[in-house]
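Each in structure tokens, the structures are laid out below.
There are two complexes below, and they share chain A, which is joined by chain B in the first and by chain C in the second.
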Partner chain A sequence: MTTVQPMAERVSAPPAGGAIPAAAQAPAANRRVALLRVLGPGHVWALGVGIVLVGEFMGWNFAVGKGGAVAALAACWLAGILYTCVAMIDSEITSTVAAAGGQYAQAKHIIGPLAAFNVGLYLVMAYTMLEVSNAIVTGDLIEAFAQSLGLEGAIDKRAFMVLTVVALAFLNYRGVLATLTLNLVITAAAFAAIVVLFVATQPWAPGAVLQHEALLGALPYGSLGILAAMHFGLWFYLGIEGTTQAAEEVRSPARALPLGTMTGMMTLLIAATLTWYVCSGLMPWEYLGQAVTPLYDAARLTGSRWLELFLFLGTLFATVASANGCINDASRAWFAMGRDRYMPVWFGAVHPTYRTPYRAIVFFVPIAILFAVSTPLDQTITFSILSGLLGYTLMALSIVLFRRKWPLGSIQRGYVHPLHPLPAVLLLVLCVVTYLAVFLGYGTQLLAMMAFYITASAWFVLHRYKYVRRGDQFTMPWPKPRGY
Partner chain B sequence: MVSVMNWGAWAAATALALWMGFDLLRTNRTYDESYLLSSEEGEIVDSEVGETAARS
Partner chain C sequence: MFAGLTLLILLCSAAFCVRQHRREAAWRAGLLDDCTGPLSEPRLGRDRAGFATLRGRVGPAVVDVRLVPDTLVHRRLPQLWLRVTLRMPLETEAVLDVLRRPAGAEFYAPDQLPLRLPVPAAWPADTLVRGTAGADVPLACLTPVLSRVLADPRVKEVLVTPDGLRLTVQASQGARGTYLLLRGSRFPLSRLESDQFADTLRDGLDLARTLSEPSSETRHACAA
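Then we have the complex of A and B:
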């Protein structure tokens, strides 16, 4: 491996208006710079669950509006199967492809450059739009909180949207350990809020608080309602695959990534089911299907001021944790694409002091702010869901090719998912079902996004790919694939 | 009160954004570009804390 020696005179020259950073001395010792390996399985859990848990506090309930409470439960579990397949497949491949960029790096090694470029774009779009959505919701929450306190004057929501984006970008800029440790704390608090609400509703005494017998009816729109509910069923779990973006920053990729991802998925299955159970037992489906903050509303219906405050904080924490994780993941995917020259190589830089992809982090700040102050929430969320769904579809193809090209025993895997190829087939079938559900509700957006990605692919093939150093992009020390 | 909150949010966001912009420029000027871009996919620079299981 070659080592790059930075120019000594540039390193030793003090920057105008500031002292030389301590890390400026490091290059003199022939050192390279890379992302910092400091994370453990808990941080991986916090990254994945932190991005997703906001979906339990808001958004999932639109599935109730599409098909009733029972259809939403069916969608919750079907989407749970879809994401369990995603988590298992992701865990196996990522325990082997220990590289920032997650699914982008996987697709690059297993399928090819064009698929990798598309997956990279899906990731960046999905996480940036989710970050934007969270910033919008944070502004809404702070406005609602100020109104509930009876404060005079109007909250400027744009100020808090911008502050959310900038403050979390600042945190990400300064280091991954503090960023994901914060996520660990606030995600755990948000999950605890769901559990506390569940216990407070006395699930052991049906009829005391929860009124499922009176509120749970048949399917109001028949079985078609289950299909329609699948679109919003994804919100229970959307983003858990983001754990793989930490592959280059965990101390032990082969152990921490599968452990963090699978425990995260278990956490979400529990949280999703508890959320559905509490909300469907407290609110009629006609109201629940339109509520903005269903868990917070459920807490208010219990009549406890403490629970109300706890669930408000849980909602806020979940929203901030999601935005925080999204900044982390979007920047890693963009950084990885820059490093491979799929995007300008300038984005492939690592901060020598903080060991973060600082240019990629800063690059998304104005973009996120622009979308947050100008785009409606439902548009940003739909963009995020569709980008994620496109990525899952390629993931099913990816694992089939992975097992065919590098069968078990040919390379060391940190985790081997069971029952192959059943999870891949299930994932593909459920993706097709969800495409159909999305097409029924957001057909125009689906087609517009397809057109966008096809145009971007044409740009990559006709223009950008000539800048890629083709031999350098395959970095894993694997044997040649079978049949090569 | 609300006015203070609004201005406080704008001020904090501006200060943090300026700090990041300043640090980005300072870092770009202080270090050679080839050093900043020296990271390679999947490599473990901190061998004392890294684990090689996924690379073996």
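Then we have the complex of A and C:
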């Protein structure tokens, strides 16, 4: 599950602010650049679903452990409302703040350097913990598959966790440029694996394979379980808001972004429900709630070796691709912070041959390995979700400030989300509910994370900020914000 | 049989990757094959990453052409920059750098220029103009030509130094799907079009000529 939709280099953006003389515009018209404004709602949908689908293979099932299978489904829907608000708000901000860099650059322009510093840290932490989670799943998966082949005890999963992190970091260090065309195959295989598993379990014949009647109990912890499950409910969609980052390439942002994002969420909801339906009909909630590879385990329970192989490959492809994306994104976010002097400028170095942020990549290798071999999967996922959640909370504050500093009509917006400030208020309320849910199950981790961010912020304000080049960072051709 | 099939899948994947790697290497090496026309004594080569390079001469200038893949900006599609350097003595003591749409990660642009100059009114607002002491003089001289050059949205950077100048323009932008799924950089470009290279070269020569042999109009601007 990766959390990024990239923006295009704004080669066709009209020259904002100053007008270029007509004579000067002629050559540009003759040499019109392709690629811009080519995406429709279908593209936004496909790309959003493609990158988030990986989350079906692991992580979501911890919601079952917090409140039972039914609570997990309820949390899935509640999290859907949270992400609807996120998508609406992010669509407006992204279609207006046309600076590559995603939420980091947006926070820099709308709130200020301290918020940008924190958002940068959230991104790095979310990606790194997601990478660690993927490495853990890969290790567990390979160990389980080796056991199926009769190699029990011969394989140490920690070796494969380390191997995954090191191998992918090496590929990112070398900057593999377009050497793989397996991406579509990988996504298609991952998607097909879920569909094939669903069909193979004969959902049209309850009781034949799926045993919902026997396994699907009531809420084991009552309605409090639904609240607790909200924590991992976010996993169903984490990253879907990234579709709004395609604002510069869609033909009609006002139509395509919300439409593509919402239909993407509906698709994920259906995929999540299918996954939930199959897994909850094959495994008791007590087991499902702590499984590392729920879909692969479900395939093993069907007794079909072919299905097991298919789900092994699907899960492996999906997690490795996701881990690769995470290493790439975390290193770029860290590199950007180094370039902006938010972090030591040493991290802003580029490899002379491979053109990669090699110091940022290498820096995170031991950290990822340490977490992978020492921390349980549910905790690394919690760290990732918490970082995402902190970002969403800032997003709610961000849109309020954005509308206050640059009211409607003062700058050109690609999309204006309706019912402001209702989505922001609803988002804040749901974020608070989710913090409470995290506190119920992982209070220590929540407090540790808050302490980390507060300490880091104090370091930034008291020490690091004096190195920041303030003037060079703000490049949006906007009027001064109201009140300044 | 089960283990055999797994091994077969792994072998097929490895063979596929080797084939892709060879194809990629050939693609990188041939990107500038159509661009030798405007240069005298053209010499094609490859840099350490396997991308094509081209050297040659145009008039008094030694021309150095390189392709720079850029995947460093967080949440931006990969870019393939075409960098055309004209090495020749120019009539300026200062360094001037004009950067369009700065994102802070432009590793190919100079990072330590001390002065930030105001952006001329006719230029796009998201332009960063920096330089060393005295950079306002070449900026004033070059403003009319730069206005025309910067009107092409593909132009990313123009760097002017006493030893020559350099233009960086977008050659291609990475495909979104490839980037999203595996952070791959697949550029929908088989070879760089000779027209684009010729246009960039012409822009560079115009800038050099304007600095070296000021016309009455630019001389007036410099004096002002």
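We take it that the second predicted complex is superposed on the first by the 313 of 484 C-alpha atoms of A that agree within 3 Å, B and C clash if a C-alpha of one lies under 4 Å from a C-alpha of the other, contacts with A are read in each partner's own complex, and residues count from 1 in each chain.
Here, contacts are C-beta pairs under 8 Å (C-beta built on N, C-alpha and C of every residue); 3 or more make two chains touch, one makes a residue touch a chain.
All values derive from a computational prediction rather than experimental measurement.
Residue contacts after overlaying the shared chain place A:G414 against chain B, while chain C stays out of touching range.
Of the two partner chains placed by superposition, only chain C is touched by A:Y104; chain B is not.
In the superposition on chain A, A:L130 makes contact with neither chain B nor chain C. In the superposition on chain A, A:D340 contacts both chain B and chain C. By the touch criterion defined above, A:D329 lies against chain C but remains apart from chain B after alignment on the C-alpha atoms of chain A.
When both complexes are overlaid on chain A, the residue A:V350 reaches chain B and chain C alike. Of the two partner chains, chain B is the only one touched by A:D156; chain C is not.
Of the two partner chains placed around the shared chain by superposition, chain C is the only one that A:L313 touches, whereas chain B remains out of contact. Using the contact criterion defined above for the overlaid structures, shared-chain residue A:V166 touches chain B, although it does not reach chain C. On chain A, the patch touched by chain B and the patch touched by chain C overlap at residues 4-7, 10-11, 13, 15-18, 20-21, 24, 27, 31, 33, 35, 99-101, 105, 336, 339-340, 350, 352-353, 475-477. Chain B meets chain A in the complex at residues 1-3, 5-7, 9-10, 12-13, 16-17, 19-21, 23-24, 26-27, 29-46, 49-51, 53-56.
On the side of chain A, the complex with chain B involves touching residues 1, 3-7, 10-11, 13, 15-18, 20-21, 24, 27, 31-38, 95-101, 105, 146, 151-156, 159-160, 162-163, 165-167, 169-170, 173, 247-248, 251-255, 336, 339-340, 345, 348-353, 358-359, 362, 365, 412, 414, 475-477.
On chain A, the positions that touch chain C within their shared complex are 2, 4-13, 15-21, 23-25, 27-28, 31, 33, 35, 39, 43, 47, 50-51, 99-102, 104-105, 123, 149, 172, 175-184, 186-187, 245-246, 249, 305, 309, 313, 321, 324-325, 328-329, 332-333, 335-336, 339-340, 350, 352-357, 471-473, 475-477.
Against chain A, in their complex, chain C makes its touches with residues 2-3, 5-6, 9, 13, 16-17, 20-21, 24, 48-49, 68-79, 101-105, 107, 116, 119-126, 128, 147-148, 150-154, 156, 170, 173, 176-188, 196, 199.
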